[in-house]
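Mind having a look at this structure? Questions to follow.
By written order: A, B, C and D. Residues from 1 in each chain.
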């Protein structure tokens, strides 16, 4: 059986993130996802800076988001970020966003990242060793 | 046969849109999509302000983006926005982003919007009349 | 003798806030100021929502910032927000930003806000009563 | 008598730039200033990329803005950017923002940039040669 790695972080909605209709502009959710990945990386030793130090960058090649409920200024959102193992040389995260007060689901989404060699910018078709090791350390197949 | 409505707009990449790796941060593409919808709305009489004037708001309930190539500061991106007819009470747009110089595809994506009554905030399960008329005016089934 | 009201809040620099030179784009500091005001408002009962509830909005009419040192991705910034009493019907805040690790001053700045009646949008030439009371509660002349 | 270098650029206010009060969030004006500098640089051969090519970066060390009138979604803003000669090893721009429809002044502001050697990051206390030449080419003392 496989470990499931996930982390939660709470983010306060900023006044300037809400639009003239009073609700958070949908584009900001992509940043909430990034905040989620950042919190995940801090917890599990997978920050961007760790990845750079190993000689790679991990550009996002896919993102999707489904919006269920609005967020407003004054709300606080909880971003749950789950690492989803994949056989490909990719990193897949799935996200669930909750309203911190009502605990209702606000949005769900996913992102996929690939590995580029930092100096040559070459796409890696097999998983870099450092990432294989990271997976093993966290009992991920 | 059905008309295909689409519009193109060119956007200059801003210095502050590129990240420390020198490439445009992926979250900005969602804004490029919105700029594309705006240009589409200006051309075909479907601006947010037109929609508000008809008593509705059209929140985005889904967005996805697939990234093919990087954009850098100094690049210019062409956003092609296509209206994709759907039987549901929704608005679906698909996007193709091109590098204005190389004409290579930079990204593809889609967005879905629903109709809310502006005063009651009720989700509309059938298409508002003004939008039916808009479709007829543009020979969309 | 007068009380000096101030509050500190720590903000993690986001990856997407740094530009191709690796340093935080200068425009983001204005948002750090707003995060500072927000933290101040939470501590001293002067949140935007409190102000709206009293029937006023407080648009920013002036902002300035002097940049002393760079911030980079991975850095954390401490925003110190100080309320500076003024005889005019205005709210003046001054800010000092510190690098959370080195404690060096990163930037200093100020903002000025005025009071508008929320329904009539009229500029208030004398201080609204609720704000007079807020000042008295905090022993400000 | 000295030449006065200036350039104007028109910017459409984006829906997501307006806040829950319906007006453009004040922090976005700093980006309008940058768009103004960019347009100025394109006209007079002083783009960031030109400056980098000469071996320098020009970080902003000061910015200020005074807000006179609100901008709303649907408005268009004209940014006038003027180069203001200074004896110091600095670049000073002043800005006037107009509502494109009413021609009323929306905001005024200024920014100051210094020169850093791109490789050593050293602050330049005397004007780099390329910039002296740029000034001479444009009849600036």
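Following the convention adopted for this analysis, a residue touches a chain if its C-beta (ideal position, glycine included) is under 8 Å from a C-beta of that chain, and two chains touch if they have at least 3 such contacts.
Treat the numbers as computed from the prediction; the structure is a model and nothing was measured.
Seen from the Cα centre of chain C, the chain whose own Cα centre is farthest off is B. Interface comparison, A-C versus A-B: the higher count of C-beta contacts falls to A-B. Overlaying the C-alpha trace of chain B on that of chain C calls for a turn of 180°, given as a multiple of 5. Shared residue numbers account for over half of those found at the interface formed by chain A and chain D, and the copies are therefore classed as meeting with the same residues. For this pair, chain A with chain D, the centres built from the Cα atoms lie 35 Å apart.
Centre-to-centre spacing of chain A and chain C amounts to 30 Å, using the average Cα coordinate of each chain. Centre to centre, using the average C-alpha position, chain A and chain B are separated by 24 Å.
Annotation for chain A: residues 15-16, 21, 27, 31, 34, 73 touch two or more other chains. Of all the residues in chain D, the ones that touch chain B in their complex are 12, 14-16, 31, 34-35, 38, 48-49, 73-74.
Chain A makes touch with chain D in their complex at residues 15-16, 18-22, 25, 27, 72-73. Those residues of chain B that touch chain A in the shared complex are 21, 23, 26-27, 30-31, 34, 57, 59-67, 70.
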